[in-house]
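Two complexes, one shared chain (subunit A), two partners (subunit B, subunit C).
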Partner chain A sequence: MADDKDVLRDVWYGRIPTCFTLNQDEVTEREAEPYYLLLPRVSYLTLVTDKVKKHFLKVMKAEDVEEMWFEYEGTPLKWHYPIGVLFDLHASNTILPWSITVHFKNFPDRDLLHCPSNSVIEAHFMSSIKEADALKHKSQVVNDMQKKDHKQLWMGLQNDKFDQFWAMNRKLMEYPTEEGGFRYIPFRIYQTMSDRPFIQKLFRPVSPEGSAHTLGDLLKEMYPAAIPNEGEQKRYQVVIHGIEPLLETPLQWLSEHLSHPDNFLHICVIPTPTD
Partner chain B sequence: MSSGAKIMVWKRHISEQLKLRDRVQRQPFEEIFHQYNRLLEKSDLQAVLSERYQADKYEVQRGHEASSGS
Partner chain C sequence: MSLCLLDEDSFRSSCKLLLQQSEELRDSWTWEPGSSEEGYLKKIALKSVVIDSSLKWNLIDDDEGEAADVCGLSEGSSSSQVFQYEYHIVYSCSYRTPALYFRACTLEGRSLSLEEVWSSVHPNLRLRLKHCPLNTITQQEHPLLGQPFFLLHPCRTQDFMRPVLQAAHQQNRSVNYVLTWLSVVGPLVGLDVPLHYSISSSSTKPD
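Showing the complex of A and B:
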């Protein structure tokens, strides 16, 4: 259906306006102008910021430069989460553009994974796809693919090629019609105020009675506080790709259309702004 | 029945919200970021050129001093 493909495209081409500024403590030879960039929501920070790095290296001495990392209002940003998830989770009610601070020293080893090269991002991305396929099809689809097919998924993401990526990814989105959906839905629920990085459990798209599970059903089971009681004010926003889907949205359709390229449905539960 | 009537409420909601999101987060910034980055490139080029100009001037001066000294 045509409008479903429009949804896939809108998800793929989502952008976040971002202003990068150099951390004040960095030693520079001359003043560094801020750098502005539209960041792809579905990609990874360290994959799309080559230009940011180049821009700030121009004003720095080589010996003052260690591994680059990013911070938003005191929070180190995890490059292994998709960019859209970082924004929705930490900054969705901020004034645009999103203001990120760039660091070249004091790498926070306790909070962040190192990212010495793009092959580390590729390995992380592919392991997510494999984990998702293990949940959806007991790994059958991803194992039937060839090495070059895996490469096509990664190159599609890296080079922002929607058609190249989806030519392969649609195989990962198929399921037997008689089952009405995947075996389990690959999802992760993120919350700001938690020691747990995210909630991830087994959840089927169809109930034992054969009815389709909705986003509301998932939350009722995983995060009941996210659903307002009758007559109560909404305490949380449930955000996927920067929007709030209705709770009656079928989970199987969400998994097929609003997952990230890593094949997971990343769901952010954030407190409703009070002002 | 028109095809539009068949679209479920939840699906139309998602399409509309995604369009609205792009109207707020993407479209207002595309052109201005592009223009800013062009300016940044120009000012970088200027910095490189003026450094080179300074270096040339220094070279010329040294050349003069060397020839007048001999």
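Showing the complex of A and C:
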């Protein structure tokens, strides 16, 4: 059970100061000022940028506007990853505010999912929660919930209501005490160095001998290069919610406390900056 | 019921069998290897499809709590057009089932939109789509390629596979999980599985 409420709050209220700038090639009637916003790490880009869109539409003609999308230093940003994951993965070691370019043309079909409305975000969010529960409880908890309970999870995220969300999400974080954790830990390990978007496999929180698996154990199995050998220089940073948790941290605890609202533990492996 | 679950090794051996048959039947499935042992089955097919443009999909939220629904049967034209479909069978470790990813484009290379895909599915699936389109087929990131694909959502797979597998188990018949599953879900999105697959599989039954 997730009981460390301060940690849950800190994770929920994590913000990234961001500067949105209109792409230079967009046709405008006058110059577009940049727009500044504090982005919630646990939310989705397309869910929290209504104001950004409104701001830039003021200087554009309706016929020059197609679906809005975002880019950071040439990389189209996948709205279906939580904002914090996008930042940690692509922009961890840059100067704040995070500078995002806004586009209204040439939607990169081959890279990004379309996001025509909030119900598409909701469907994506709920399908992640269902997938996570399939891993944690063979779908039993999420299937026992009613439609209004699902709605409560979504509305909690959409309206940034910590208590509303967690009143329901705590059910998804329960497990039988004698088992010492979930059936499997819902996690994804991201890296920018390969075409493959992320690693996701089955991994139990407790070893067959009964000891708690740690973050280090998970990485050793899924991404051994992320752990430095004895006496070797650290080549990678392992980042969750902008911090580098100790590799000795029990995975079950991380899953309960540092998972995103979609119930997945998103782990970014990024090259250590060379300065 | 562990009977209804498919582990990754069985997925691969199921796929291998299907590939052998595909070769015999001159179907065009291929195995695309990923990193290490992972990979997926792939097939590209040209298909003439009718997109029912009289269906209007409403993706804007309303107050009823229904995320999206289909409405209004206006007078629309439904003409048949040729599209290139690309189907991938990928293993889902979360649901421990196969998952069907696909994308489609016109011969000029324009990608089909989600609404167009919804309007082109088999009428049997349209009923379910009417109620909850966004729980049935959505655009999702391909887990191995990182590109947008349509996904027929796999969370109900166990429900319809259970009776088939149980019956086969009772009768001591061997079943190719992936093939049986594909024969159910494929036709919903335009992928026909020739009957010859199951004829040849019963004649060349492994042990």
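Please note the rule applied: the second predicted complex is superposed on the first by the 272 of 275 C-alpha atoms of A that agree within 3 Å, B and C clash if a C-alpha of one lies under 4 Å from a C-alpha of the other, contacts with A are read in each partner's own complex, and residues count from 1 in each chain.
Just so we're on the same page, contacts are C-beta pairs under 8 Å (C-beta built on N, C-alpha and C of every residue); 3 or more make two chains touch, one makes a residue touch a chain.
From a predicted model like this one, the values you see are computed outputs, not experimental measurements.
Trainee: Consider subunit A as the common anchor and indicate whether subunit B and subunit C clash or fit when overlaid.
Mentor: On the shared subunit A, the partners fit.
Trainee: One more residue to check, A:S139. First (subunit B), second (subunit C), both or neither?
Mentor: Second partner only, subunit C.
Trainee: What is the contact status of A:P97 with respect to subunit B (first) and subunit C (second): first, second, both, or neither?
Mentor: Only subunit B; A:P97 stays clear of subunit C.
Trainee: Touch check for A:K78: first (subunit B), second (subunit C), both, or neither?
Mentor: It touches subunit C, and subunit B stays clear.
Trainee: Can A:P197 be said to touch subunit B (first), subunit C (second), both, or neither?
Mentor: A:P197 contacts subunit C only, not subunit B.
Trainee: Looking at A:L246 after the superposition, I want to know if it touches subunit B, subunit C, both of them or none. Which is it: first, second, both, neither?
Mentor: first
Trainee: Of all C-alpha distances between subunit B and subunit C after superposition, which is the least, in Å?
Mentor: 28
Trainee: Quick check on the output: what are the common subunit A residues between the subunit B footprint and the subunit C footprint?
Mentor: Comparing the two interfaces on subunit A, one with subunit B and one with subunit C, no residues are shared.
Trainee: For the complex, give me every residue of subunit A touching subunit B.
Mentor: Result: residues 3, 6-7, 10-11, 13-17, 33, 35-38, 55, 58, 96-97, 241-246, 248-250, 253, 257-258 of subunit A touch subunit B.
Trainee: Can you list the residues on subunit A that touch subunit C in the complex?
Mentor: Residues 78, 80, 109-114, 116-120, 122-124, 127, 130-132, 134-135, 139, 147-148, 151, 186, 194-198, 200-202.
Trainee: Please output the residues of subunit B touching subunit A within their complex, sorted ascending.
Mentor: Residue positions touching the partner: 7, 9-11, 13-15, 17-22, 24-26, 28-30, 33, 36-37, 40, 43-44.
Trainee: For the complex, give me every residue of subunit C touching subunit A.
Mentor: Against subunit A, subunit C makes touches at 34-35, 59-61, 65, 67-68, 93-95, 111, 113-114, 134-135, 138-141, 143-148, 153, 155.
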